[in-house]
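Shared between the two complexes below is subunit A, which has subunit B as its partner in the first and subunit C in the second.
Our next item is the complex of A and B:
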């Protein structure tokens, strides 16, 4: 562990090439000790690549790195750890079945083979006493709310003795209130001179509220930056996109609404297998967006799994246009049902297959007339891939590249493109805008609204209440595996919805 | 935003672009080849440690496995079961299942062929023998896939345990109900009628099983690489959740691919009985199923790559006897060698996607 006090980091002329594709082009960034620096850029701009070079996950093609003003060779993530550099990811890296205390202790590089838990607990209690915020130490992590998990991830970095923290989209799984709380504490630590922070974010609100300075990347180059307060949000977004942002107005057209998808008296086990999901009645109509609000972990993920046929249903029935629905490929095709699960790389892609192959998942087994085909049609697959890459602006070094090499936002675009092409009668989406830059967020929401206006029935499961308030015609709240509240948008009241989400109906 | 300039390589010429398209495939050849060479090297060190000459060892492998028509005959006689055993690993592996119990399907296939052979006659009889071997092998390994899908039983462990059960069953039947009373010191099923024996191919000193193995590999390659079924299987093998969300029939795919793998292993048993031993007896339990695991991993579960790798490994196995005699090394030496290569192959899995020269586009910037 390195000594106390924040660390400064400076990257000079960083260039990173993947083949002939330049992901970072001569980028310099200076982060003085104790500052809170934000890194902005559209999807695929090179933000993650830059921080991976700083952390030693990638070896930069050229460029220098200075830590506390002395040059270092960042050859390996372990070097970063020894120097006191740590990273918090968008998604949790904690072991859910272990307690917070156990997670902290095993994360240490020098964790002994036999752990003296009593001594460790004493040390942990002392450590926690010095921390500005607390997390219950003896609860399994799976019981913690998302905000607490993220706090624990940050505590873990401090416990490991890291004094320079990189946060890669740390708030995407948090509610706005949780995000403010976590970032407020982080801000406090930087002001106290204990840590330096580099945060990747797509949310201007957070950047202006918490950061001191920003650096903006665009297509691998540093295109701007400065002190927060001296640079306006409009300037930031313009620099990011290379043009003034289009303010799109989503208009809600009048649609003909008739019931399409119905869930009746459904019973299923939840993830933990201990609690149950009990949905009495959800009816989704054509030409409407039904927003499913709720704090993560209240059955939304299970609902998605039930609808995609991944979770066993012990009672009840699902019908689509009056027919029983078991989520087979043939049924989904006949009824034109499409799914956009959250975290598409993990739930909707084959990471080791190419971008082109991943884009073919919908079409590979049918010929042009929609009849099942036995032979793969390579030419149709290649054409489909280049069309989708073009229309949905997927940035990839080549259609033959593995989809796992794409930036997070570009994976999302690729999957969106695949699922939103053609006629869609029912669209079931879960957190479609996680990790997308604001232009992409806008275009995704436009597409969802456009689909609704054309008569698609949309079930929008989202942890982002703003998103639901903006898009939905009707809102239901899920809490403890049940639908606890329903309201049309016209009568929706954020405070009331928030109370139902928190389980105080 | 011009997405197109990210897609199309700005390479200097078309040749470079073609080359760049080939590089990701080259990765799948270069890494296992490198691992194999590293395995040779590691085994050489092991020999030096024992005070033996690596040069003599590899010289003898060459001599006994590949140098003359006679040694080729020796090698090719082992190729057929190795190819089919490797398919029994490679097909389930494409769906993400590690099945290591092909040996069980081989011996049961041999048993089925031997028993059927005592009741049938003529060319049709031979077909029936082969079919019964494939069906029993397919059921056996297919059951492992079904257990995995329906009950969540780990296929690696169940296939290994079921291989022991298969061998016990085989011994029971060969020594009991189906024993030919004439087989005195080596319990066997009744010897096959000459008309039911599989013969040698013209021009090549090998039985027809080798041709069947080649055809099996080509068919499996077509299945995986050219049909929509194979494409669906690859999706399911890479990410089962994505396959489920797409509504693909994951269960039937897993059961179908494991059963097909088992059918090939069963066919290996048929050829061992009908072309080599003439009846089902304990000689069938020769460990082909285990060498098949190594071959499949070396070939990265690509059916076409299985062919050359199987020939190479057959050569090593064919030289076992000579090495034992000339170098005064135990019979298990070849197993040590195979084990070393296998460990290095497993370690080399970590290299995929890490070596820059194989990324698409790298060569276009040259």
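Our next item is the complex of A and C:
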């Protein structure tokens, strides 16, 4: 562990190549001690790559790194840790089956060979008492909610005594209130001179509220930056996208609405297996967007899993246009039901297969007339891939690249592209804009609205209330596994919805 | 010693004795595999390691006239097999299950090749401790003849439980087994951890083999193992990757295996061969009863290619 006090970091002329592809091109960034620095850029701009090079997780092709004004060789993450640099990755790096306490203790470089749990617990409790937020120590991490995991990740860095924290999209899985709480505390620590922070974010609101300075990347190059306050949000977004942002006017067209999907008296177990999901009645109509609001962990994920056939239903029925629906591939195809689940890389992709193959999941086993086909039509698959990559602006080094090598936002676009091609009668989406830059957010929302206007029935499960207010025709709130409230958009009131989300309506 | 007629009491007694006698190789192989799998890798080669351990243990015990050196040699041979498996698996695109099957056949082949000259000679036995001195009934005395390796196996299960909970090494193995990414982010070398875990797991399987040839059945021949190594690997899944459960599962399996002979000893001869299948049927039934279509497998290391 390093001595007390924040430390400064400066990266000079960083370049990183993956094969022929240059993800980072001569980028320099200077972060003085005790400052809160934001790193902006669209999906695939190279933000994660830059910070991984700083941390020694990738070996930069060329470039230099200065920590507290002296040059260092960052050869592996251990070196970074010895210098007091710590990172919270975009994907959680906690070990799921270990408890929070075990995760903290084992991450320490000087973890004792034999761990005296009683003494460690006492010390951890003392440490927690000084921290601005708390996390239960004895639960396996897999049982923690996303917000708790994120807090634990940050706590872990502070516990390790790190004085320079890199946060890669720390708030993408948090509700706005949770995000403000966490970032407020982090900001407090920088102001006290205890830590320096480099945060990657897509949310201008957070950047302007908490950061001192920004650096903007575009296609692997540094294209701008400066002090927050001297550079306006419009300038930032323009620099990021390379053009003025288009403000899209989404129009809600009049549609013919008739019931398509109905859930009746559904019963299922929740993820922990301890509580139950009880949905009495949800009816989704064509040409409408039904927003499902709720704080994460109140049964929305289970609802999605029930609809995709990933979760066993113990009672009740789902009908689509009057037919019983068991979420088989054949039924989904017949009724033209499409899905965009949360974490699409894990729930809707084969991570090790290529982008082109993943994009062909809806078509590879049918010929042009929609009949089952035995041979794969490689040419059709390649054309499908290049069309979708083009229209949905998926950034990939090639259609043959593994989909897991795409940046988070680009996986999202690829899957949405796949699910929205052809005729779609029902579209079920869950948090479609997690981790997307604002241009992508706009285009995703445009497409959802366009689908609605064409008569698709859309079930939009989202933890982002603003998103629901913006898109939905009708809103239901889930709380404790039940639908606790329903309102048409015209009568919707944020305060009232918020109360129902919090469970006291 | 004269047999005393103890009636139906003979059945549970024979099962207990059988469980203790038969279970030892299962205990060692499954604890070894438990360690390897907890680090996120599967070593199916342990059947071959077991057979090679039986051969090398027997051969060295015969040459040095010491059962103790035999066990050491078997452990060392097992270590080598484990390290080779672990070393090959670190290469990209290599599948641990395929390598395991190859290593299994290699181990058996090598054991038969080098073991030919040792089928005839008689090597010294491993010592056993009599816990039945208090009784005058010979069946009780026979059932409570407990081999030192069985006791060691029990202690090892306790030790491993403690190790996974309260030592750095144990936690590191669990971290690597659960998330390669998290391990890398921590600056650990997952390949190295897995290499060592596979090596030690192999050594334990080797010891299990030495028990076969040096105690029960107590001689070296090519039919010495009837798939104990493979079954022990299945027991690890059944035991949900817990060392203590591995011990109990091995004991249960051994006891079920003794059911047939025990019933025969009291005169039940019908369906004798069916009772041979008892352990397997029992394992299958328990596996089905304790699993669920709702939850994912509890306790499974997430990096295991079986559960991925």
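The rule we apply is simple: the second predicted complex is superposed on the first by the 468 of 505 C-alpha atoms of A that agree within 3 Å, B and C clash if a C-alpha of one lies under 4 Å from a C-alpha of the other, contacts with A are read in each partner's own complex, and residues count from 1 in each chain.
Throughout what follows, a contact is a pair of C-beta atoms (placed from the backbone, for glycine too) under 8 Å apart; a residue touches a chain by one contact, two chains touch by 3 or more.
Nothing here was measured: the structure is a model prediction, and the numbers come from that model.
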Look at A:331 in the shared chain and tell me whether it touches subunit B only, subunit C only, both, or neither; answer first, second, both or neither. first
According to the stated criteria, A:390 is in contact with first (subunit B), second (subunit C), both, or neither; which is it? first
Spot which of subunit B and subunit C makes contact with more residues of subunit A, would you? B
Once the shared chain is lined up, is A:481 touching subunit B (first), subunit C (second), both, or neither of them? neither
With the two complexes superposed on chain A, say which partner A:34 touches: subunit B (first), subunit C (second), both, or neither. neither
Between subunit B and subunit C, whom does A:347 touch in the aligned arrangement: first, second, both, or neither? first
Once chain A of both complexes is superposed, is A:81 in touch with subunit B (first), subunit C (second), both, or neither? second
Thinking of the overlay built on chain A, is A:113 touched by subunit B (first), by subunit C (second), by both, or by neither? second
Need the overlap of the two footprints on subunit A, from subunit B and from subunit C, as residue ranges. none
Which residues, counting only subunit C, touch subunit A once they are in their complex? 165-169, 171-172, 174-175, 178-179, 181-182, 184-187, 293-295, 299, 301-302
State the interface residues of subunit B toward subunit A in the complex, per the touch definition above. 1, 3-4, 6-7, 9-11, 20-21, 24, 225-232, 234-235, 238-239, 241-249, 353, 356, 359-365
Write out the stretch or stretches of subunit A touching subunit C in their complex. 57, 76-78, 81, 87, 89, 91, 93-98, 102, 105-107, 109, 111-117, 269, 273, 312
Parts of subunit A lying in touch with subunit B, wherever the complex brings them together: 17-21, 308-310, 327-333, 339, 341, 346-353, 357, 360-362, 364-365, 372-376, 386, 389-390, 393-402, 404-405
